[in-house]
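Structures for review follow.
In what comes next, chain A is part of two complexes: it sits with chain B in the first one and with chain C in the second one.
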Partner chain A sequence: MIKHLPIFIVLAPLLGAVLAALTSWYRPKLSFPIVLSGLFISCLSSFCLIFNILNSESGVIHYQLGGWGDKGEYGIVGIQITVDYLNGLILTAVTIISLLTAIFSSQSVNRELAGQQRYFFALFSLLVTGLLGITITGDIFNLYVFMEIAALSSYALIAYGKGRSYMASFNYLIMGTMGACLYLLGVGFVFVKTGTLNIENLSLLIPQTLQTSQTVFVGFVLIIVGAWAKMAFFPMHGWLPNAYTYAPTASGALLAPLATKVSVYAMIRIMITVYSIDYVLKSPNIQTAALLLSSIAILVGSFFSLTQTNLRKIACYFIVSEIGYMVGGAWLANDPGLKGAVYHIIADAAMTSALFMVIGCILFRTGQVELKKLDGLFYKMPITFIALVITMAALIGVPPTCGFFSKFYLIQGAAQAGTWHFVGALLISSLIKAVILFRIIEIGYNKVPNPAKEGNKTIPRDEAPISMLIPTLIVTLSLIALGIFTDTLITDFIAKALPEIPAP
Partner chain B sequence: MADLPIWHYDTLFLILAILFGISALAMQNLMSAAIVFGAYSFLMCLIWTTMGAVDVAFTEAAVGAGVSTVFIVATIYNTGVAATPKSPRIAFKIFAGLIAFGTGAFLLSALPDLPDWGDPKSPVNSTMAPYYIANSITDARVPNIVTTVLADYRGFDTLLETTVVFIACIAIYSILRIDNAKSKVTESDIITSPPAYDPTDSLIIRQASRIMVPFMQLFALYVIAHGHYSPGGGFQGGVILGASIILLSISFDLKHVLQQWTEKKIMILTALGVLIYAMVGLACILMDGVYLDYSALDSVLPGDKAYARSHGILLVEIGVGITVMFSMIGIYINLASNGRFDKGL
Partner chain C sequence: MEEAQATPFWIVIISSMAAVLISLCRRAPNIREAIIFLAAIIKLALLLMLVPGVLDGKLYTFTLINLLPNVGLSFKVDGAGLLFAFVSVTLWIPVTIYSIGLLRPKNDLSQTRFYSCFSIAISSAVGVAFSANLLTMFIFYEILSLSTYPLVTHNQDDEAIKGGRKYLIYLLTTSVGLALPAMIIVYQQTGSLDFMGGGVFKDQTSNTLLTVLAVMFLYGFAKAGLMPFHAWLPGAMVAPAPVSSLLHAVAVVKVGVFSIIRIMTGIFGVDKLANTPSLTMIICIIAGITLITASLIALSQDNLKARLAYSTIGQLSYIILGVGLASESGIAGAALHIPMHAVGKITLFLCAGAIYEACGAKYISQMNGIGRKIPLTMIAFFLGSLCVIGLPPTGGFISKWYLLNGTLDSNQQWAFVIFLISSLLNAAYFLPITYKAFFAAPSDESKYNKASEPSMLMVIPMLLTATGCLLVFFFSNTMYQFVEQFLNVYAKSN
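So, the complex of A and B:
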C-alpha cells in the first residue's frame, strides 16, 4: 500500500466528497464525518509520504496512473504524479490546514448555513482535492483540470454567503476563468513545440533545445500571467477582497490561506522546473516588471488595508500584499529569494489560516468584525484576542515567529539582487501592519476600563466553542513553532527542493 | 496554403466565426444573442471536423450548440431578455482595446515559429502520438485511439473532468435551490396524464418530441457503447440522454418529468457516476495494479489483459454517461424552475 500513497492523498478527499454528496440524501449528519475522515486519510498519507521522501535516496517519488510510464523515445505517455521535497512540504501544509479548518468549520456552518448546507462539505472536500491535485501533479494539463475543480468549487463556496457574495463570486468567476484560459492557452503553446505535457520531460526539453523559441516564450508568459490572475496578483487582485469578505466563515477560512498559495506554488514549479532559473534570468524585462509589480502589490495591499474598517477586509488586503512577497521572492531568482518565497508559502498559509480562524471565532460570538466595535474584546474573548495579537506579530515579522524569517530571507535576496524598491516595500508593509496591530490593541484592550477593578462595568467572558478554539490555537502556536524550526525546514526541505542556482 | 484542398472552407468558416462572434456580442436582445451563439458553436463544430477532430466536434455539437444553448435560454427566461449595458467611458474603451490588441499581437508573434498545419514531423505528431497510434489496438483492443487516450492513457484527466461536471451540477444546485414550502411539488400538482389541450402549447411539438425521445435515447446508448469503435463515448452519450429528458420537459411540463425523475433521484445518480469511475480505479488497486490500471481487472473481466482494459474503459464510460446525463438534467431543472423544482419553461 505504501506505493499508492501519492494517489490516496488526492483520492481520499475526492471519494469523501462524492460519498458525502450521496449520504446527504439519507443521513445528512453523516456528511461531515465522511469528509473529515477523507481529509484525515489524506493528511496521514502526506505525512507518510514526506517521511518516505526523506528516507529515499533520490528524494522524488513517482506514481504513474494507469501504469503508463516512460516509453523510451516516446517519453511518458500517461499522467504521472511526482512528489519531491518542494511539493511534499506544501502538500503536508495543505492537508493539515484543511483538516483543521474542517474541524473549525462544523459549528459555524451549522449556524450560518442552517437548512442549506447539504452540499457544503462535499464542495469543501472537492476544493481541497483540487488544491492537493495542483500541488501533487507532474503534468501541466492535469494541473489545469485540478485548477478547474478548485475554481468551480470555490465559486460555489463563496456564493453560499448569499447577498453581496453572489456578485463577489461572479467577479471571481470572470477573473478566474480568464486566468485559467490564459494558462490553458500557454499550455497549448508549450505543447505544440514540445509534444509532451509531462513536467519531467518538459524540464529536459525546454532549457536545452528550446531556449530561443518564441512560441515557448509566449507560452511561458501566458502561463505566468494566468497564474497571477488566479492568485490575485496586482493588478488582477480586484476580485479577492470582496470574494473572501462576503464568503461564509468556513469558506473564507479554507480559501484564504490555501487557494492563492497553491497558485504561487504552481508558478514557482513552472518557473524552476519546467523552464529553469536560467530561462527566467534570460527574460530580464519580465523579471523587472514582475519585481516592480510585486512591490506595487505589497504597497497597494498594505495601504488599502489601512483604509478599511472591517477586520476581514483588512485581512483580505493583507493577502494581496503577501502575494507580492511571494511573487517578488520567486522572481528575484536567486537562492535566498526563492528560499524566502517557498518558506513564505508555508508561513503565510499558516498566518492567513490563523488570522481567518480568529476572525471566524469573533464572528461566531459577536456577529460582526467591524474594527471600532471590537472594544473590550480582550476581556470578552481573551484567548482569541491573544491569538490575534500573535498572528499579527507574525504578519509584521516579529521574531521568533515564522514571519520574521521569511522576511529575513526575502530582504537578503532583494539586497543580493540590488532590488531596493522591494526591500523598501517589505519594510513599509511591516510598518503598516504594526500600525494596524496597535490599533487593534488600542480598541480591544485599552478602550474599555479594566472590568476586573471595582466600579467598572463587567464584561462576561464569552469564548468561541472549543471545536473552533482548538484549531485556532494549534495554527497560532504553529506560527511560533515554524519560526523555531526554520533552520530544519530550510536545510532539510527547501534547500533540497530548489535547483542549483548560479551565484551572481 | 493553396495546395490544401479544403482551404476555401477554412476561410469561409473563419469569416463566419468572426461574424457570428461579433454579432452575438453586439446584439441587445439576449435571446437572439443566445441563438447566434449556438450557431457559432455549431460553426466551431464544423471547424473541428475539418481538422479531423471528430470526437471534439461531436462533443461541441452536443454540449456547445445543444444543451448549453438551452441552459442560456432557460436562464434568460427567468431573468430578462433585454440587455441594458452601461456605456463605458471612452478612456476605458481605449484601455481595453489596447490590452486586447496587445495580447493579440503578442500571440501572433509566435506565428513564424509554429509548426506547419498537419506537419508529420512537428513535435506534437512525432512525440507521443506515434505511440498511441501504434499501440492503442494492442494495449487496449480499442480501434478509436481518441477513446483510448481519453479513458485509459489519460484516464485520470477524464475522471477529474467528470468530477468537474458533477461539481457544476451541485454548485448550481447549492446556489439556486430554494427550499420553499409553498413551491414544493405536492401530489396534487403532479399531472399524471399528459396535460389537456392548452391553446398556447403546440400539439405538433408535443407529439413530435414524444416520438423522437425513444430514438434519441437509443442513439445515446449506441454512442456510449460504440465509443470504442467510432466517435463518441460517455460524455456525448450522456449529453444526448440528458437532452432527451430536457426535450420532454420543454415540450410537456417539468412536473411531468419530475414525477418520474425526482430531485433526490437526479442528484444521487449525478454523484453515483463519479463514484463508479473512482471505484473502478480503486478496484484496480485492490487487484494489485496501480490506480486506473484496468488490466489488473483481468481476473474478473472476460478476456486477456488488453481486453480487460477495453472493458474497463466501457465501465468508466458508463460512469461518465450517468454523471453527465443527470448533471445536465439537474442543471436544466434548476435554471428553468429558478431553483424551485416545480414548473419550468
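So, the complex of A and C:
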C-alpha cells in the first residue's frame, strides 16, 4: 500500500473527475463530495509521501508505473514517477491549496454557475490531476501530457465565465498551445540525441556526454521558452490578466495560484535536473536575457497593476510580476537565488491563493471588485478586509510574512551575482505594491469616516459565508506561519532539494 | 556573560497580548483601560527584574525561533536597550491617563482601536530595544510603522489621511528601498546579522562599501528623521496629542535613532568607525546639517506642534552626531539623550495638546497671556523646554554634557560649535513661548476669559512628566550605569 502511495496522489483526483462526470447524469449533487474526497485522499497521500521522503535515506522515492522498471542496458523503459524534496514539497502545497479552494468554491459555484456545477467540479478535479501530474512525473514526455490535461481543462474552466471570458480563454488557448508545441519540439530534439525521456537517465547523459551538442542546446532553449509561455512570463504574459479576471471566481482561485507556479517548477526541474547548473551557467547569453526579461516582467507587472482599477486585474498583474521573481531567482543560478525561487513558488502559491480567495469573498457579497467601490469594506467585512491587508503585506514583503523571506533570498542571490537591475526591480515592485495597499486601506477603511460615530449612517456587517471564510483565513495565516518557519523550510527541504552550488 | 532567559520575550509580547484583550473589551471602557495599566505594571515589574543582572554585566539572551540559517528571532538585553525599554514603558502610563482624560469626554468611538494599536506600538518599540540581530530589529521596526498608521490617521479626515499617507510612504520607501538591501548585503558579505561588539565586518572590507552601507542605513531608518527624509514627522502631527507625544517624541523617532546606534556600534563597530574617518565624517555632516537646519526651521514655525516637530528632528540629530563622533563619551551622550529628550519632549507635546483643549490655541502667536489662565500647564511646558534646551537642573543638561565631552575626545571642535549654536537656537524658539504666555498682554482680552485648566486627568500626567525632567537630572548617575554596561559590551571589546 505504502509502495503505491505516489500514484494515489494523481489517481485520486483523476478518478474523482471521471466519477463526478458519470454520476452527475442522475445525481448532480454528488459530484462535489466525490471531487472533494478525491482531493482529500490526494492531500493525505502527499502528506504521507513527504514524511516517507523525510525518513528515507536517499530522499528520493521512485515508482514504476505498471511495473515497467529498469530494463538493464535500455535504462528505464516505462513511465517513472520520481518524488524528491523539491516536488514533494510542491505536491503538498498543490494538494492543500486545491483542497481548500474546492471547499471555498462550493458556494460561489452554486451561485455563479447554477445548473452547471456537475461538469465544473469534474473539470476542477481534472485540472488538479494535470497539475499534480506535471509535478510528480519523472518523464519529460509524460510531463507534456499532463501539461495538456491541465491546459485543456483550464480553457474550459475559464470559458465558464461567459462574456469576455470566451475571448480570454481563446487567447489563452493560442498561447498555451504554442507553449506546449515549443516544449514538445524541445523534447523531440532531446529525444533524438539521447533516446530516452526519463529525467533521471537524461540527467546522467546530458551533463556528461552531450555538453556541447547543438541539438541538445536547441532542445533546452525550446523547452525553456515553451515553459515561459505556459507561465505567462514577459513578453508572453498577455493572455493571463484577462483569462484570470473574467473566469468564474472558483476557476480563478484555483488557476491563479497553481497553474503558473507548477510551470515554474517544471522549468526549474529541467534546469537543475535534466540539464544542470553548470550547463545553465555555460549559456551566459540566455542567462543574461532571462534575467533582463525577469526584471522587465517584474516592473511591467507592477506598473500595470498600478494603472488598474479592478482588484482582480491588479491581482493578475501581480502574478505577472511574481513570475519574474521566480524566473529571475532560478536563472541567477546561485545558491540563494535558487533557494529563493523555490521558496517563492510555495510562498507565492499561498499568497496568490489568499488574494484570489479574498477577492472571491468580496465578489460573493458585493458583486464587484472595482477599487473605488470598496469604500467602507472594513466595516462591512472586517475579517475579509484584514485578510486582504495581511495578504498584501506578504506580497509587499513585510516581515515576518513569507514574502519577506523570499525577497530576502532573491536579493541576496542577485547581490551575489552582481545583478543589480534585478535588485532594483524587486524593490520597486515592493514599493508599488505598498502604494496599492495604501490605496486599498484608504478606500476601504478611511474613506468612510467611522460609521459608528454619531451622525454617520452605519454600514451593516455582511461577512462572507463561513465555508468561504475559513479556507481564506487558513491560507492567510499560513502566510505568517510560512514566514516564521522559513528556516525549517529552507534547511530541511529546499536546501536538500537543490544540487550543491559552490559559492564563488 | 550571556544568560538565556525567556523574560525578554515576555516583556516584548505582553502588551501585544494586552492589545488582544483590549480589542475584546470594546464595550467595557473601564476594564479596557484597567488592562492597559495592568499590562504596563507587569511590563515594568519584569523590566525591573532584569535590572540587577544587567548592572552586574549580564546579557540576557533568548532565541524564539530560527528564521534564516544563522539568524533567529532573538532577543538580547543590554544596558542601553533596557534603559530605552524602561523609558518607553514608564511614559506609557502617564500618556494613557492623559488619553483617557482627552478622549473619553469626546465620546470618541475609535478609542478601542487607539488603545490596542498603541499597545502593539509599545511592544514593537521594546522589541527593537531588545533585538539581538538586525533582522529581528527590522521586523519590529516594520510592525511599528504599520501599527502606528491607524494612530496617525485617528481622526480619519482628509488632513489625517494625507498625513498618514506621507507617514507610510516615507517610512516604508526608505526601509524597503534602503535598509532592506543594506541588510541583505551585510548578510551576504559576512553571513551574520548579529549585533556584536567590534562589528561583523572583516578587516579587509573596503571603505567605500562601508560608507555606502552606512548612508543606506542612516536614511533607511527614516524614523530617525534625518533630512531630507524628515517630512513625515511634521506631517504626522495631525494625530491626537497623546499619539504625537508618545510616538513622535518617544517610541517612533527614538526607535529610529536607537536602531542607528545599534547598527553603528553592533554592525560596524566603534573601532571600525573610529578608524575610518570617511565614515564618521559622512555621519557627522549629515547629522550636523540636519541639526542646524531643523533648528532654524523650528524658529520660523508659528504652529506649536510643527515647532515641536522640527525641534524633535534637530534633537534626533544630536544623537546621531553623538554616535558619529565614535568616542566613548559621544556614544554615552547619544544613549543618554534618548531618555532625557524623551521626558522633555513628551511634556511639551502633552502641554501643546492641553493648551489646544483649554484655549483652542494652535498657534504660538495666539498664546500671549494664557499663562495666567492655565498656570500649571505652562509651568510644565517651561520645565519641558528647559530639558530640551539642556539647562540644569533638568536631564537634558547631562546628556549634552557627555555629547560636548565627546566632541573634544574625538577632536571634532566644529561639532562642539554646532552643538552650542543649536542649543542657543533651542533657547530662542522655546523660551519666548513661556515668557509671552506669562508676561505679554493678550492681544484680545476677552478671548481667553473663560479658559481654565483642562481636566485633572490631563494635568496630572503633564506634571508627572515635568517632574520626570527634574528627576532624570538627579538620578543621571544610575542611568549612566546602564549606559556604561552597554559601552563595556560594545565600545571596549577590543
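Simple rule for what comes next: the second predicted complex is superposed on the first by the 504 of 504 C-alpha atoms of A that agree within 3 Å, B and C clash if a C-alpha of one lies under 4 Å from a C-alpha of the other, contacts with A are read in each partner's own complex, and residues count from 1 in each chain.
Keep in mind that, in the parts below, a residue touches a chain if its C-beta (ideal position, glycine included) is under 8 Å from a C-beta of that chain, and two chains touch if they have at least 3 such contacts.
Only a predicted model underlies this, so the values are computations on that prediction, with no experimental measurement involved.
With chain A as the common reference, chain B sits beside chain C without any clash.
In the superposed pair of complexes, A:Pro400 makes contact with chain C only, with no contact to chain B. When both complexes are overlaid on chain A, the residue A:Ile9 reaches neither chain B nor chain C. Partner contacting the larger number of chain A residues, of chain B and chain C: B.
Once chain A of one complex is fitted onto chain A of the other, the partner contacts of A:Met147 are absent, as it touches neither chain B nor chain C. Of the two partner chains, neither chain B nor chain C is touched by A:Leu473.
Of note, the Cα-centre angle with chain A at its vertex and chain B and chain C at its ends comes out at 170 degrees, rounded to the nearest 10.
In the superposition on chain A, A:Ile443 makes contact with neither chain B nor chain C. Nowhere in the superposition do the C-alpha atoms of chain B and chain C come closer than 38 Å. Across the complex, chain B meets chain A through its residues 106-107, 109-110, 112-115, 122-132, 152-157, 160-161, 163-164, 166-168, 170-171, 173-175, 177, 179, 264, 267-268, 270-272, 274-275, 278, 281-282, 285, 289-295.
Per the touch definition, chain C reaches chain A in the complex via residues 65-69, 72-73, 107, 109-110, 135, 138-139, 142, 146, 149, 153, 156-157, 160-161, 164-165, 168-169, 172-173, 176-177, 180-181, 184-185, 187-188. Those residues of chain A that touch chain B in the complex are listed here as 3-4, 7, 11, 14-15, 18-19, 21-22, 25, 63-68, 71, 74-75, 77-79, 115-116, 118-120, 122-123, 126, 129, 133, 141-142, 145-146, 148-149, 152-153, 155-156, 159-160, 166, 185, 189, 191-196, 213-215, 217-218, 221. Within the complex formed with chain C, the chain A residues making contact are 336, 393, 396-400, 405, 407-408, 411-412, 415-416, 423, 427, 430-431, 434-435, 438, 441-442, 446, 449-450, 452-454, 483-488, 490-491.
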